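Going in written order, the chains are labelled A, B, C and D, and every chain counts its residues from 1.
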């Protein structure tokens, strides 16, 4: 987040979100920009490239926590976490999805580098946690199987 | 108009545990309706959580975040009675802000 | 068992019965999936909306549902659901929650029947007020024991009709409710099938409906649950909130007597 | 369970204070409601569910156990319905059989009229190693040849079992796939191949 953005945030806290929205356009209150190129990337390698991940280390200090089998691919609980100091950014990617990048989080100081959300999975796939700490990238992954359920196909 | 969020913020030791539930279809733009027409994409793109004005989580989301999104995270520095605001904006420009008092 | 013998044992089990082993670990992982999901139930969003709708004055009569008698007196929501279905003297018949809601929407709020039963089940872009109301009303019975009466002759009749329905085998596939729900520990695919004739299973099942279905992204009511069972049973479509559905619900609710109510829940 | 069902076919006389006329033939009332409160949709019609055959009637009335005589009656009458393949060929293509075993569509109110039906075998049976999502209402069919062999007798038995399960088990939970017109002859051949072709993953 650059300095001017921080300034805007400081101002929004004074002015209130609604007013800030009308002054600056509602997107401006956000720290993170929605990155169309990263979200539109059609495979894992491209998505990582668009996120700016050039070199990375596979790290056991990063974790993807989920059940190994999801009963329904529409809702798969996934936690990503990192115990690497100064973790500032975390992203969730589902390798086999049409667009792998699912969500990304800026982790401000004071916020635990552990976020849980739920993602859609088109089928069985590796799910990646991509973490940035002190400017370096770290990765972890876990395979989650998606099953069919119910009768009547 | 968008439905209200359900935000829970509970102080646990030195950390505030936050759970946010959002009523949103998170439509991918890849599905077809019964008539075979593509259902246009409709999904939350950005979400920010602020405690007394300070950003505690800042997220961007794509179409593969599940319908009725759920977020769970923890931050330090919050006190009981403090106010947490959560705001999201979707791809159609619809937005909603709700708040919770830390308990 | 020490770690070493555990490993040996595991290898042994895998070799001897690799398939069964894989099966039990699949089921463990699915329980884990369900536990993780239980953390934040979107049904709460329906409960919130339902409470607003309950209190909202609407045309044509410009009244809310707050004077609706769900069986415990006008306006009493707390604990109403665990005593439903029940006999209502004002209509001289047995009604389940959804039938009663339709009745209140018609008589109190002045809606026509078509308006009152409009969108019983929601879909994307077409939310159901009824499902939201049901989520709110049922949530007000959380933690209470199922206590369904069959003292009134019409309650007894409703139960007996529901029982006949439960065992009625018909259609192209020879299915009845009982085909899938009258034996312990059965599954369709990986989905466990409750034995609705077994007290504990019946309680566990009935007390966790309605539920937010992750597969549908909606809170589904008991009427929806039964309609969808009947669809898969290759039966035609039941008319929403009809007496036959109330009878079937009566049979299931009574079998769940004594179970502690814990819904709206969250299911696959 | 048995006790619970004893009253099923018997009208119960209700005594004491009643404020409304109570119909005591619950089964009849249920059928009346089924006729008036259900709507035919797609391939699922009210007429179809109202026109129970003898087997369905007996199985509704005696869902768990039935007198020996009735059981025999069902099995004998159902065995007579079995039509073996007209060309004498029992084994089709296991790959199609696998698709049929995976597909659960057909005859639901949500299905199109005249669509291709599935057998949905995995709903109830463990069949291949690679499909972990299978049910347990029916027995495992994995390693079918190893378990049962592939003699002519086994082949004919398997055909008849798929065609009309009640030829062997009265009031079986399994649909009568051939007899009820759920699967056609070619489809049954393909499912047969899934079970009885040595090259099928079932036998690997």
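By our rule, a residue touches a chain if its C-beta (ideal position, glycine included) is under 8 Å from a C-beta of that chain, and two chains touch if they have at least 3 such contacts.
Just so we're clear, the structure is a prediction, and the values are computed from it rather than from any experiment.
Q: Looking at A-B and B-C, which pair shares more C-beta contacts?
A: Here the pair linked by more C-beta pairs in contact is A-B.
Q: Give the label of the chain whose average Cα location is farthest from that of subunit B.
A: D
Q: When the centre of a chain is set as the mean of its C-alpha atoms, what distance in Å lies between subunit A and subunit B?
A: Spacing between the chain centres: roughly 14 Å.
Q: Averaging over Cα atoms per chain, report the distance between subunit C and subunit D in Å.
A: Centre separation, subunit C to subunit D: 26 Å.
Q: With chain centres defined as C-alpha means, what is the inter-centre distance between subunit A and subunit D in Å?
A: So the centre of subunit A lies 48 Å away from the centre of subunit D.
Q: Can you list the subunit D residues in contact with two or more other chains?
A: Correct list: 108, 110, 123, 132-133.
Q: Can you list the residues of subunit B that touch 2 or more other chains?
A: 66-67, 70, 72
Q: Could you list the positions in subunit A whose residues touch two or more of the other chains?
A: 69, 74-77, 116, 118, 145, 147-149, 151-152
Q: Taking the complex as given, what residues does subunit B use to touch subunit A?
A: Residues 15, 28, 30, 45-46, 48, 50, 52-67, 69-77, 85, 87, 89, 93, 95, 97.
Q: Could you pull out which subunit D residues touch subunit C in their complex?
A: 1, 4-5, 7-8, 12, 14, 16, 18-20, 22-23, 26-27, 29-30, 33-34, 37-41, 43-46, 48-50, 52, 55-56, 59-61, 63-64, 106-110, 122-124, 126, 129, 132-137, 142, 171, 173, 175-176, 180-182
Q: Show me the residue ranges of subunit A that touch subunit B in the complex, using the header's touch definition.
A: Residue positions touching the partner: 1, 9-10, 12-14, 17-18, 21, 26-27, 29-35, 39, 74-77, 79, 94, 97-99, 101-108, 110-112, 114-121.
Q: Which stretch or stretches of subunit B touch subunit C in the complex?
A: Going through subunit B, the ones touching subunit C are 3-6, 19-23, 25, 27, 39, 66-68, 70, 72.
Q: State the interface residues of subunit C toward subunit B in the complex, per the touch definition above.
A: 39-42, 44-45, 48-49, 124-125, 212, 214, 217
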